[in-house]
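When the chains are written out, they are named A, B, C and D in that same order, and each has its own residue count from 1.
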């Protein structure tokens, strides 16, 4: 199958190329980049020299018609929607990694993101977390790959919500993301000298755009409204996203029961790894992979449930997940091209 | 005043030397290090060449008698207690930065640390957080400088507990520490290649020794038992400690009220900086200093109170705080030698 | 083909597992580790959970007889030689990544390393730099994969030596290595807090064990004795090795001629990438790969030739190169399992 | 004495504020920043809250007349010259940290930097390396603080050039700088995700603007033309600059002689620390200081002289040196405000 990577020069785009190169069913037929259009890929990114013989082109859906069957769109929200619409109108299936097609409620979208760039297409995307929506993804032509924070929060959390074992509000989610999650824009706050040796929260108090996305999926799982108090932070690291979830059990819950619940819920999932008791998720263990490592511990002294997860924000948090969605859409084994070992150390 | 730094070759010891060198009332009369005894300080630590003309000696309280009036002890817990006892018996005032004299209840100590190394002296230390116990410190000859995690948690939290504005249990404390907090021991898990680009929780579920210390002081402030669900993490950074505290307000509470409460509580404290609304604590802003930067935000959607703080774990979290205690013990302005600008960037 | 990885829990061992997992001709039949013998691999290294269902065993050549046809040995020098001897005596082909079989002259070995652990086998290894010794490797049963520093220095340098275009002595080699090159031993000098934000030379003045290795291969290429003034440094980075070589041209030499010489010498080499004029090697571009990126520039003002290279010290500098050697030994395409894109960013 | 810091919001400006705050003879009377004019300093830089009660103003020399006696100018080259001219015309002494007043030859300046912004003032600056030009600095009203690379190269090199003990051409200088040396501009190549874990040369082949500056001062010291082959690199570190110099001795030279030569040359210099034999300069040992640590080693096998140095690029490489120059200009002890211990770790 021929695929295109639209917005290939961002960090998600580069990771898509890395993963797709090893996919046996896929040929990368086109790569686009507004800023670097016209340049050979190996010249724009010397790291790719000798690996992909392609020339970057402008982001033009019409120009891709007939040249590929599926496109990954790695553009910023708002910019993404009209491109996605154009691709769909050209008959191209799309896995979008922006926030433009994740929410179900347009009013919600407008409150958090502003005007939508292709309202006719709003709501036509399937939320691309295969562990939750595998069947819907299988039949979809427009899949919205989840945000990195929602992925890291939902995978450990959903089994407890589905089983009604925790109070739905408030649930505290304290997340720490590698800087690549903020993208490649020339922002003085993201300079090495600003981030190195530092650590900082941002968009606290329920101000981050991933809040409605987490609540939408968590509420669906719970069958009742879930409220998330969410605090994202920037780590002095390039890749990876660690999440701590604090929730109040409904009724008695031991660490062993919590672990059993996770084990059963994700028993057949190749990318969710419940770690052995006493082993905690670390970013190193998932670096460059599509894994989500999870752990559950009940603090007996306070009765609190602590859920921990680790993903690579560019892997299971973006590009890896998008490829997993493509695999699900096309009926290929979901692990195709994705069962790689982490880069250790 | 002549002072000694006992255990000068650990990270806290080195930071003590850096701060004490600029203290106008103090002469560093002796430095000890079991491992490097006999070597000139500038040879053991080339960074100190030309700055301090001293030779490291063994940790021997008797040998310090008559040579100094006050000693800082930067030894591991259990090892520290007998040394502190020896120093006190030699008539030397002590600021201890281990965990040996922080707790009030010996049973508590034994449960968390094991046998105490000088039970006759247990309970004779004053808890050295000047913002809470200034008067007691002023008259003390044995002060136990708090742990780094308790300092970062208590300074934003205590005003709310004193005012009865939050539920006392459970309070969630999610902390992220620079690696220097783990000390200088040759541990393969602390190698650069293990920590770089990674991030990981440890001692979760109420297993960290700072839990009883936080609860002791928080309960004293609240006048009722406080229960802390505590999750510490190791950051890929050398210095600094960031803390997020999640608490449930008792009754209505707005962000503005929360900020007012902090502002009033710490109005006269030179080292607690309430940041302007919208500015969040960062490790860079306190690097190398004795400041604790704090912020409070109420998440209106969930009703949760979020408290954030940042300290330098070796500064306000250890050596800076110890010097502040010495200043309070001797009646000098507490800011002496401590009002330095952070190392930016 | 069944292979074993002996010494699998070091950093080179882990990288070997990562690469060998994707090798279509290879089955990893055994993994050994003195320290972690008896533990499942996925438990010893949570990052490998779900990827390799193997149990670590002790380093015992006899126990591997009949279970594998080839072994990679990732042990420290001196420890490696007797193990290699045992493996060869059991009829197992070996790719050794220690320094025990790289030198041709036993006196040389003893001067730099001390007593050899299997003198009967000394000199029976082929130096495993396929770009230099492809034919000899093809027929060998014992291949000594080069050191990381020699690989980074020789690939840009050899074409100039072979062509007689530079003076053979002295050639200055200034190298900067990621910390993983120092291995996984619990050494206080390699702690995160020591390396982070720092940078330091070590073993200067011709004291590093890779000097005789570089000179051996450089002299063979030149047909006359080459003398290398070598300065290695430790970077505050985990992976990667950057090398600057300074040499005096024999006769006139322009940047264009220097680039042509490199281009021609390595035209058919899949892993040596001569970068476009004006693009300089960076560690990011080779992270996780088997590439060696090179560049040549003549400083017209001083007449000096500057050669720059970048490799991943665990890839082309160790594990990747070892797999490339295995491919050459077995007649498989040398790129098998090795043409992966770098981890960007 | 009242001083101004012009261009206070760059990294050099922030370091100047940090150092000047502890200077007993100095009052910081004004701080300027084009971008942040009008904002209180503690609001623009939360790290400075509570430390300096000043408001940033625009860069206007006329507005500073009568309000200060000396100004530090931390602006980019070309922008700096007219500001410096304006300050001098207003009778204000200046220590300039740009490249605008370091070179002696206007044609040289124009070749490397382009048109000069205040040609009437060109050549009126004294080169502000006190170890070389102390007497001239003492009487000067316009001092040009050296670049960071020249400082790191000249301090180990000049004693050998003055004594005629090395060949003057070519001398190879391989330097590695922390990223803060590139300033605070929002450049995508300086993002954390680009620099972290990477390492790269830039401006190779004699293309860096510090080349003519090194050669000017080296040739003055040698009394004959010196030619430098210079290779700068960016380290994945925020602060610090390490330099390796490779030179050919004239006549026999041992390590002991080389060390003696350095020891004698800098015996009275408080900021040049010749490390003990066997100890090599590291960036950690000079972090946040005005020290330049140096070492010399002769490689007996090749006859090469290796000189190593380490400075903090923002300290002895910029702000610290500028304050040392001010001390020399005003006849204060040069160490005033500058003899601080490094931030360890």
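Going forward, a residue touches a chain if its C-beta (ideal position, glycine included) is under 8 Å from a C-beta of that chain, and two chains touch if they have at least 3 such contacts.
Given the structure is predicted, the values throughout are model-derived calculations rather than measurements.
Colleague: Starting at subunit A, find the fewest moves between touching chains needed to arrive at subunit C.
Modeller: The fewest steps needed to get from subunit A to subunit C is 1.
Colleague: Identify which chain pair among A-B, C-D or B-D reproduces the interface of A-C, meaning that over half of its contact pairs, matched by residue number, are the same.
Modeller: Selected from A-B, C-D or B-D as the counterpart of A-C: B-D.
Colleague: Give, as an integer number of Å, the spacing between the C-alpha centres of subunit D and subunit C.
Modeller: Taking the mean C-alpha position of each chain, the two centres sit 38 Å apart.
Colleague: So the centre of each chain is just the mean of its C-alpha atoms; given that, what is the distance between subunit B and subunit C in Å?
Modeller: The mean C-alpha positions of subunit B and subunit C differ by 45 Å.
Colleague: What residues in subunit B touch two or more of the other chains?
Modeller: Residues 11, 178, 180, 193-194, 196-197, 236-239, 282, 284, 287, 345 of subunit B each touch two or more of the other chains.
Colleague: Would you mind writing out the residues of subunit A in touch with subunit C in their complex?
Modeller: 11, 14-15, 17-18, 21-22, 43, 45-52, 180, 196-197, 238-239, 270, 273, 275-276, 279, 282, 284-288, 291, 293, 339-345
Colleague: In the complex, go through subunit B and note every residue touching subunit C.
Modeller: On the subunit B side, the touching residues are 11, 178-180, 184-188, 190-197, 236-238.
Colleague: Considering only the defined contacts, which subunit C positions touch subunit D in the complex?
Modeller: 169-170, 172, 174, 176, 178, 193-194, 196-202, 204-206, 211, 227-229, 231, 233, 235-240, 242, 244, 246, 255, 280-284, 287, 297-304, 306, 308, 310, 345
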